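In the two complexes that follow, subunit A is the common piece, with subunit B as its partner first and subunit C second.
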Partner chain A sequence: MITLGLEEKNTFLEAINKKSGANVLNCYQCGKCASTCPVSDYMDFRPREIMQMIKLGMKEETYMSNSMWFCLTCAACSGRCPREIDIPAVMEAIRHLVIEENYRSTSKKVKDIRKFHEIFLEMIKRYGRNYELRMMAEFNIRTRNFFKDMNLAPKALLKGKIPLGHESTKSAKAIRKMFELAGKLEKRK
Partner chain B sequence: MKKLTYFPGCSAHGTSEEFDHTLKLVMKTLDVELEDIPDWNCCGATSAHVMTETLALALPLRNLVLAEQLESKTMGIACASCYSRMKMTKVQMDGNLDLAKKINSTIIQEGNYKGTVDVKSMLQFCYEDIGLETIRSKVTKKLSGLKVACYYGCLLTRPKAITQFDSPEYPMSMDRIMEALGAEAVEFDYKTECCGASFSISNTDVVLSLSGKILEVAKESGAHLIVVACPLCQSNLDMRQPDIVKISGWKYTIPILYFTQLMALAFGFPREDLRLNKNIVPAEDALSNIGKIQETPQKVIKTKKAVAAAESEVE
Partner chain C sequence: MARVGVFVCFCGANIADFVDVPKVIEETKKIREVKYAIEYKYMCSDPGQQMIRDAIVQQKLTSVVVAACSPRMHEKTFRKALSDAGMNPYLLEVANIREHSSWVHQKDKKAATDKAADLIRMAVAKSIANEQLHEISVPVTKRALVIGGGIAGIQAALDIADARIPVTLIEKSPSIGGRMAQLDETFPTLDCSQCILTPKMVDVASHPYIELIPYSEVIELTGYVGNYKAKIRKKASYVNFSNCTGCGACWLKCPVKVPNEYNMNIDKRKAIYTPFPQAVPNKPVIDAEHCTMLLKGKCGICAKVCEKGAIDFKMQDEVIEREIGAVVIATGYDLWDPKPYEEYGVGRFKDIITSLEFERMVSANGPSGGLPLRPSDGKVPKNVVFIKCIGSRDESKGIEYCSKICCMYTAKHVVLLHHKVHDSHAYVFYMDIRAAGKGYEEFVKKAQVDTAATYLRGRVSKIYKKGDKLMVRGEDAQIGQVVEVEADLVVLATAITAPKDNPALARLLGVSYDKYGFMSEAHPKLRPVETAKAGIFLAGCTQAPKDIPDTVAQASACAAKVCGLFAGDTMKKDPMISKVNTEFCSGCLNCIQVCPYQAIVEEEIPMGHGSKEMRTVSKINEGVCQGCGSCVAICRSMAISLAGFTDPQIINEIVAI
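== the complex of A and B ==
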C-alpha cells in the first residue's frame, strides 16, 4: 500500500537521506543493485525495491521487511550503482531507525540476526574483545538451538582453532565507560 | 629494521592463529618489526555498525588513538573486517572534525585523535610498502607447479572511496604476490564475491550457499587451492566446507590457505611452521604439486589435413 499522498511531505525519505548521507531520490530504478546483491534472493524486497519504497514514503513496509537485516555491507551494489548511491549506508540508516523507533520483526531469521549482533556487542562490553567459542555457545543457548554446529565444535577444538580460555583487555573498564557514554550520545540525538 | 604498528584482531588469538603466526615469520624475514598496540580492543566488527552509529566509530577510534602513541606512522591490520572498520573510521574522522570531537569524548582518557597514523591491510602493506621485488628476493623455494585462486572477498578493496587500494571488481595484488613466489595465479571470476561473512553463526544457510559457489568456481578455474587474506573468509570457506560438500555431493575438496602461509613456505620455513594442522580441509595433497612439472595441453593445430581426417571420422 502506498501511504504517501501527493500533498504529504515525505518525512521518511528525508530521515533516511539525512542519516545515510545518500540521496535516494537519485535512484532511477535500473536494478543493478538487485542483480549484484549476493543475498537479494533472501530479501523480502530487493535493494531496488527498497529504494523505490523509500521514495514513495512506505515507512511501515520498509521497517517490517527483512531486507536491511540481510544486507552484508559487502558494497558490491554501491560500487556498480550508476547513480553512485551509497546503498549500504541507506540499509544501515534503516536498521538504525528501526532500532531507535523500536520496531520488531516477527521473522525468526531477523530475530536471530539481531540476537547475534546483540550478543557480539555484549561480549565486547564485558571483555573488550570477542571470543568465538563463547559467542557460538551463547548464541545457541539464547536462540534455543542447542545442537547447532555441534559437529564442528570438536574438530575445531582438537585443532586448537578455538581456545578454551580467554583474555580480556586490561582496560575493560575503559570499554564499559565507552559503551555508557556512547549510549548517552545516541539518546541525545 | 622497519617498525610497523600491528593490529592482530580478535580472531588472531582464535580461529586465525596460523595467519598471525605465519605473518610474524614472514615479516621477520622481510625485516619488519611488528609492534602490537598495547591493550587493543575489538573493532566492533559487523555488529557494532549494524546496531549503533556511535560505537561503530568509538571502538575503532580507541585503537587509532592508541596507535598514534607508537613510533610507526602506519598501522598494519591482519583481519579484513578490522581493516575495513578502522579505515572507515579514519576516513570519517579526518573528514568531519565535529564528529571526531564528539566520538572522541567517549574515550577521553586515551587521548585526542590527531589523524597521524595511516591504516593498511597486511596485504596492502606487503604489496605497496614492501613490494614485489623484495618479496621475490627472499624466495628460497619457488612454488612452481602450484596453481592458486586468489580470493579477496568484499572488504579489502571495497568500497573504493574508503580503501583506495587495488580494483574493487578484479584486484590483482595478491595474484602478483603469488606469482612472485613462483606459483601460478589462475583467472578467478569470484575473487571479490561475498562469502556470507558474519552470517556464519546466525544464518549458516546463506554462508553455505555463497561460499559453496566460490569453492565451485575456484575448482573449475583449475586451482589446487584458494589463497585468502581474511580470517572470516578462511573460516567460512574451510570450516564450513565439509557441510557444503555434503549438501552439494561433490567428490572433491579444496584447501584454503592464508597468503602468509604460502609466503612462509616460499621463504624456506619448514612445513610445521605453516600450522597446516589447523586446516579442516587438509592442504598436503595440494601442496604436493609444488615442483611437479605440469603437463601443458598440447596445442591442437588444425591443419587442413587434420580437419579433413576429423570430418571423415564423423562420417
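== the complex of A and C ==
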C-alpha cells in the first residue's frame, strides 16, 4: 500500500520532468506505450505503470525496477504516444538519476545490463568506436559468463562480422576530448 | 366494389432477406379485392412513393395497403403520398412486416413469409372498411407557461418572449436564477457564472412579454394543447412588492437566523431575506416557517424599520388563473444526499463536504469570501481529495445513471482549488473521465497538467480519521496497488437527482416520469424536448442530468417548439379520436374513470327528440382526446367508437385470419 499526501511536493516527478524535458503529467494512462514496447513483457513495470508511479512519487519502486534498464530506447512508444510524451527520455532520466543517486539493483540481469553500458562507453572512449571482439570478451569476463555466445563466434568471424582488430577512426581524438569535457561538466554540477 | 392496392417493401435487405416477397405478392394477389400488388426495394423513397401515386390514379384504387416497416416510422410519409394523389390519406393501412415479421422471425423464413402474408391480408380487410377522415382544427391561446426560473426556464422564457409571444414564468423560490446562480465559475471556459447569468435575469424582469411570478407554484392544469388553463398559487411573501424598494433595512434588523439554503446551509440568513444580493426580483420575502411574528405574534421589527410600510403580516396565499397554450417544464435538479456512504463516514466526519458546498466556499460571494475552509477547524486545507461518482453509477445506493457533469465540475474544482490555495494538492478518485463536450477534454487535460493534480482510478473503499486528518483509502487500478491519501478535506461529487416534487408535478400536469423522477420525453432520440402530452415541453435537468450548454440548447429548442405550435391561429390534429353514439350511451360514465387525458365530460341531453326530460351521456372533447381507445374497451353499451379503429375494421381484420 502507498500512502499519499505526506510530502509537501512530488519532488520525484519534478526531477524526472526537469531531467527528461518531458511532462509526465500529460500521461493519461492509455497503455499504448506498454503494448507497443517490444520488451515490456520482460519489464517488471511496463512504461505506462512507470508513468503512473512517477506521478504518484513512487521513487524507490521506480529506481529498483528493471524497466528503464530493459528499455532499448527504440522510441516506438513515443512515436505512438497520443500525448506526445518522450518516454525514452523519461527512461533515460531515470537511468541517470539511479546512477547519480547511487541506487543498486540486486537483480543479476540489471547488474549485467549496467555492465554492458559501462563496457560500451569504455570502448568508445578508448577507440573512438566500438571494438566488438574486445567488448564481447570483456562482457563475458566481467559477468562471469565466459562461454556466452561462443558457439556463434567462428561463424561470425568467418563472415567478417567481427573484425579481429579494432577499426581506427580519424575522430578518435575528438571523441576522447568530448568525454573529457563531459566529465568536467559533470563535476561542475 | 373495393379496389385495394398493395405495395410490399424490401426495406433493402431488412425484409427481403427473411420474407419471400414474390411469394407474398403471389398470395396477396389471390385476395378478391386486391386489384394491384407490387414490390419495391425502398417504398419510402421518392420512386417508391411515385409508384403508389401512379397506381392510385391508373388503377382507380379505393384504399391502399403498404407492407413495410412500423407505421410509427413512415405512416405519415405514405399518407402524404395518398393525399398527393388526391386520395383521402386515412384510406391507408400499413402492414408492419419488418418489426412484426422479418426482424423477429429471422431463423424461420417460411414462418416469416406466412406471417407477412397474413398481416397483409388483415390490413387489406381492414382497409376495405376504412372511412374518409379529416384533420381536426383546434383554436390556440398564444401564451406559454414556463415552470421554473433557472437557466433553462430563463432561456426558454426569453426566446419565446422575443418571438412576441407572452410568457408567464413562475418560480417557487423568491428569486429566479436557480442552481446556476449558486455556481462560482463555469466549465470549460471558467467564466463567472453570475456575470453571464444575472444580465439574463434582469432581461426576464424587464421584458415586456414576460410576466414573472416568483414565489409561486402550479396547483392545477386543465384543458388541452393550445387551450390549457393553469391555476397558480402565489405564496404569501408578507412584503408588498410595489411599496418595497429593496433597501435591506428589514433583513439587517431581523433577529431570527435560519440556515442559508443558497450557501448550502454553511452560514445563516434572516427570516426576512433575499436569497442572494443579485436576486431578481430584488425584494425580500418572509419565511413563514421561521418568522416569530407569524409563528408567535411577537417581534415585528421588520415592519417597524420599513420606511415604506411594505410589510404586511396579514397577507394570504393567492390563487391566480392563466389561460395558456403551451407549458415548458424547467424544474431543474436536486443533489443526492450522500448519507448512505457510511463507509466514508458521511455525517460523522465534518471535513467531508459535497461539491456544491465546495462551490459555495470558493465562490466570491460565498460564506467564506472565496476560500475553501475545513468545517471542523476553519483552516485552509492543503490536501483535498475529490471523489467522483458519489451515488451515480452505484446501483447499491440506488442510482444507475451517470450524472454527466461531475467529471467536468470536479476538474473545475481542481483548478479553482489551485487558484485559491496555491500550495494545495488535489487528489481525484475517478472511475472514468467523461469529458464529452466542446472544449471539455482539453479542459480536463489542462486541469490535470497545470495543477499537477493526482488522478487515481478507483472508488474509495473507506475513509477514517487519523489525528485531524482524514485517511482516504482506495485502489489505483493504474498501478494495481492500494493507496491511502492523507487529506485535510474530502469533497464528494454527489449525483444529480430529479427534484423531489417532480412526480407530483408530473401527475398534476398529466405527463409521465421515469423511475428516478425525471420527466419523460416523447422519444429518446427524435423527440427529446416534447412530452407525450401535446403542448408540454421539457427543458434542462428536469428531463435528465445535463450541463449548462445542453440545458440552454434544450430551452431554446422548447421555445422553437412553442413558436411552431403558435404559428397559426388554429392547430391541426389527427382525426383518430373517440366518438360517443349518444343513442347507445347509458350514462354509466365508466369511460370518464379510464380516460388518461381527462378528455371525457358529462353532458345532459333530452331523453328523446323534443323531450324536456334530460339524461346524462358522456361527451368527448376533440382537442384533448389522443385516441388511446381505453373508453372504447370499457364501454358496456358499445356506444364509443374510435375513428380509424371502428368495430367493422377490427372485425374484418380478425375474420381475415
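Here is the rule we use: the second predicted complex is superposed on the first by the 173 of 189 C-alpha atoms of A that agree within 3 Å, B and C clash if a C-alpha of one lies under 4 Å from a C-alpha of the other, contacts with A are read in each partner's own complex, and residues count from 1 in each chain.
Simple rule for what comes next: contacts are C-beta pairs under 8 Å (C-beta built on N, C-alpha and C of every residue); 3 or more make two chains touch, one makes a residue touch a chain.
Here the structure is a predicted model, which means the values were calculated and not measured.
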| item | value |
| --- | --- |
| Fit-or-clash call for subunit B and subunit C when the two complexes are aligned on subunit A | fit |
| Subunit B versus subunit C as contact partner of A:74, first or second or both or neither | first |
| Superposed arrangement, angle subtended at the Cα centre of subunit A by subunit B and subunit C, nearest 10 degrees | 90 |
| Touch count on subunit A, higher of subunit B and subunit C | B |
| Which superposed partner A:96 touches (first subunit B, second subunit C, both, neither) | first |
| Which of subunit B and subunit C A:52 touches, first, second, both or neither | second |
| Minimum C-alpha spacing, chains overlaid - subunit B and subunit C, in Å | 19 |
| Intersection of subunit A interface sets (partners subunit B, subunit C) | none |
| Subunit A contact footprint on subunit C (complex, rising order) | 383, 423, 425, 427, 445, 448-449, 452, 454, 457, 476, 478-487 |
| Subunit A-touching residues of subunit B, taken from the complex the two chains share | 10-11, 13-15, 17, 39-42, 44-55, 58-59, 62, 102, 105-107, 109-110, 154-155, 158-160, 168-169, 192-194, 196-199, 201-204, 206, 210, 235, 239, 277-280 |
| Parts of subunit A lying in touch with subunit B, wherever the complex brings them together | 38-39, 42, 70, 72-76, 78-79, 86, 88, 92, 95-96, 99, 109, 112-113, 115-118, 120-121, 123-124, 128-133, 135-136, 139, 148-149, 152, 155-156, 159-163, 167, 169-171, 174-175, 177-179, 181-183, 185-186 |
| Touching residues on subunit A, where the partner in the complex is subunit C | 1-6, 8, 10, 13, 23, 25-26, 28-29, 45, 48-49, 52-53, 55-56, 58 |
